[in-house]
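Look at the two complexes coming up: subunit A is in both, with subunit B in one and subunit C in the other.
This part shows the complex of A and B:
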């Protein structure tokens, strides 16, 4: 349990650092951020609302420390001010609407890539001398290291525009009412194929190579030879003996991959016009909607930290020794 | 094998000519061994060579001024404009050559900055240990857990449209933690080896131990991390570019993507404006990854794939047959 507590306090500290960073951002910017905001709002905000935004940013009378506390308070009460882009709606609502889609895209693709990658990695290391083991890993290394944006663009062009197989925008068909119906779920799945596919393509090589390297080390162990000598089926040796032990070092890489996956989701959403955080972020940047941009960063950091904690739980489950 | 891991302190200084010749010969043998039966390495290195030559000789190879209007908007590829023209009438072929310079410079320098920080942090904390290690490891982990690209996007958004120098520095200072972590654990693994202990007993200074004894043993890891960072930085530059956060007046692969996106060239059928820089980025990333993979195999021969695995399989079968097992 002390392991999880330690991790929890680490994530909390990291979150505090993220808040501090967010607090410093408008102060680092050239010029007065409130003026810039006022210019961006183009007269949509009245002075009372401007004061509210000022307070949210922590631009209150007092020294820096008091300002910092004031900002901290507005973060923890989720009072992040109104969005300039979609004026009367406040930032928290805008972000709340698009966060689930980004989570779906980032975590969904991560999980699929992880399962596929670990399977391919296991098989390609066990059959290293065959065609599969010789050809597939280098091929995946090549394909997987295209930048996120490029893979997304290529899939977008060939499967979306040229072959017209799959939809090119939105998270679901706007003509369908959202709800727990087969039609809606089908539409969501259809719209997710290309963005998720491109993210899986980019993410998969990490797992193939991590798993392959770990497997190759494990395959030299005596208990694997023993298992083979006993005449166990190669499937059993591969997954129950070697794979089960090789997966531990692979699981440690999940923590880093989560951040990458969210970053990739931001890029992919822009290409596929997927209605997640990335899309909102781009619109926010173009409209100079600073409260929105900051809120997105904050929510992304919290999502990544939470996902990391879940990965820690998974790790404890995989290797009970570390919680002792 | 091209293995620079062993730092042989007793090796004779190449004094006269025959010694020098011998060294050259062994370097040649090592290079040959690196490429022998390793198609990924051959493909990767030749692709990267072509790309680097293209970037280096861009002024000679390009047919037009990349920053001038030289054609009608969205002209299809022809003899005059080999890869067509952009919406603004720029020659895509000349732009992609010149863009390579900017994009690769950004990526290379970001990689150098990142790996310098990574080495400094990783080796110090891995070798010194104690309180310093605790703090440095904490900072590394915090940076590692933050989503770097969104952080970068937000920073760039707040700074306004930033030039390539600022992007290079931002990329460099945000992408070191992964390298630092790997270098730290490798340093910890060799810290208690005999040659380090003997150097300590001889009274060598800490700086000398770090620079002369530890660093040469980390070269393959550092180089691997460097290539990984270059791939990442190149992608990030392109990503920032297409979001309109880079300087759109500079010619880079990122800004080319930006203009192609703005003119919705894919929808209007002018695929060349978007796909040419995209494919350039893809080939560079893929080629660097192949090289990275081959380097991994050199520093850890267990990971090798190649014809010798087939030979092993054949010999294995023959042995089994001889023993009557097959």
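This part shows the complex of A and C:
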């Protein structure tokens, strides 16, 4: 338990620091950002809403500490005010609509790349001499060495524009009603193939090589030789005895990869016009929608920290030697 | 002599590297009878572990068995298919590794590491195997509740016992023990060896006992083989090897070990360093360190000659 408590308090501190930055940033900008906001809104906001936004940012009467408290209160109650871009919808609502898609994209591609990469890495290290071990990892390394944008645009061009096999925009076909229907799920899956596929293609090699290196270390261990001496099937020796241990160093890399995956998803969403946070963030920046930008940064920070904590839970679950 | 359980004929194991071929086991022939304990002694690097691994074909690249036969109960181990080999391993021959501490997987429970080998070889469920596993732990003096423990939750001695329990799981006819107790303190070592001997009485398996501790070996082995630079240079009944060794290397080894009961004597080491397997001299490998080196020793390899019934040594002086 002590390990998880320590991690939890670490993430909470990180979160507090992140949102405190959010509090300080507008204060460091030249001029009053709220006035800039008002100008940017081009008269769409009435003065009462302006006051609400001021309050949300802690630009209230009183000293800095009181302002900070007021700001904290609006953060923790998710009272983040209206979006300029999509006025008068609350930024919480806007973010709430697009966050699930980004989570789906970032975490989905990470999990698939992880599972595929670990499986391929395990297999190719155990059969290092064979065709698979000799050719598959270098081939994946070759693919992942393209800059992401090149891979994404190539996929976009071939599968979307040339072959017209897969859709080029949106998270699902707007003609279909969202719901728990086969049609809707099929449409979501079809729309996810290119964005997710491009992220997987780029991400997979890391896991293959992480896992392969970890496996090569573990394969020299006596407990692997003993498992072989026991006459266990090579499948069991490979995955249960060697793979199970080799995955530990790989699992520590997951936490870091989560952040990268969210960052990568922003680029992906822009290329494939996928309606996630990244897409909205880009539009928000272009429209100078400060409340929206801030809310997205806040939510990204929380999502990454939460995902990191889940990665820690995974690690504790994987390694019995860590005190629970 | 009884029909041999294991017969090794002219076995050679090479390590192939860019610097050349190191022959870690050279032309070794030996037999182990049912129920017998054969000890293999020799200094570090003489090829004891390599020999042990080769018996169940556990040697990994760059090691290579280049010559010889390994006959177990009339079957040639080197000609077995993968499936036959898997069946043979642990069912017939189990191994307690040199670093038994590291031979348990740290993230798998003791219980699973005990039961999986039973399930892999016998047609029984994990549940039935767990009953058997509990029983096995009991035999080596560990409470059955420990099945759920991970290796790091046990002491070194307990882990060693667990490894022995795993080695006994399928009641093999031969257990290879590669320095099974070197990592333990003397008291625990003694305890475990005593238990091992009770178990041997009960189950009747043979043991190939590898150690560089000659005094320990003198107590437990029926016969002793001594290796030097990959060669078996002397092999015979334990008493004679101890009291009247024939090969100068064996003499040196025995003189360099203190006896607990005998009078205080000066200990003699063997002068010189172990030979480099990549640059072996022509003739006897021991020539540079031998006080009685003759001209022929620098020309011809000494062959194992029978000095007595079941007693062999390889030295030109004999």
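Here is the rule we use: the second predicted complex is superposed on the first by the 314 of 324 C-alpha atoms of A that agree within 3 Å, B and C clash if a C-alpha of one lies under 4 Å from a C-alpha of the other, contacts with A are read in each partner's own complex, and residues count from 1 in each chain.
The rule is short, and it goes like this: a residue touches a chain if its C-beta (ideal position, glycine included) is under 8 Å from a C-beta of that chain, and two chains touch if they have at least 3 such contacts.
None of the values given here were measured: they were computed from a predicted structure.
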For A:290 in the superposed arrangement: first (subunit B), second (subunit C), both or neither? first
Mind working out whether A:95 is in touch with subunit B, subunit C, both or neither, as first, second, both or neither? neither
Partner touching more residues of subunit A, whether subunit B or subunit C: B
By the touch definition at the top of the document, which applies to A:299: first (subunit B), second (subunit C), both, or neither? neither
After lining up the shared chain so the two structures overlap, which partner does A:221 touch, if you call subunit B first and subunit C second: first, second, both or neither? second
In the superposed arrangement, does A:120 touch subunit B (first), subunit C (second), both or neither? neither
A:308 in the overlay: touching subunit B, subunit C, both, or neither? Say first, second, both or neither. first
Using the touch definition up top, name the residues of subunit A that touch subunit B in the complex. 10-11, 13-14, 17-18, 21, 25-26, 28-30, 128-129, 133-134, 137-138, 141-151, 153-154, 156-157, 161, 205, 209, 212-213, 216-217, 220, 255-256, 259-260, 262-264, 266-267, 270, 281-282, 284-286, 290, 293-294, 296-297, 300-301, 304-305, 308
In their complex, what parts of subunit A are in touch with subunit C? 221-223, 225-233, 236, 240-241, 244-245, 248, 318-321
Which residues, counting only subunit B, touch subunit A once they are in their complex? 39-40, 138, 141-142, 144-151, 153-155, 157-160, 178, 231, 234-236, 238-239, 242-245, 257, 266-267, 271, 274-275, 278-279, 281-282, 285-290, 292-293, 296, 300, 302-303, 305-306, 309-310, 312-313
Contacting residues of subunit C [partner subunit A, same complex]: 53, 56, 58, 60, 85-91, 94-95, 97-99, 102-108, 116-117, 120-121, 150, 152, 166
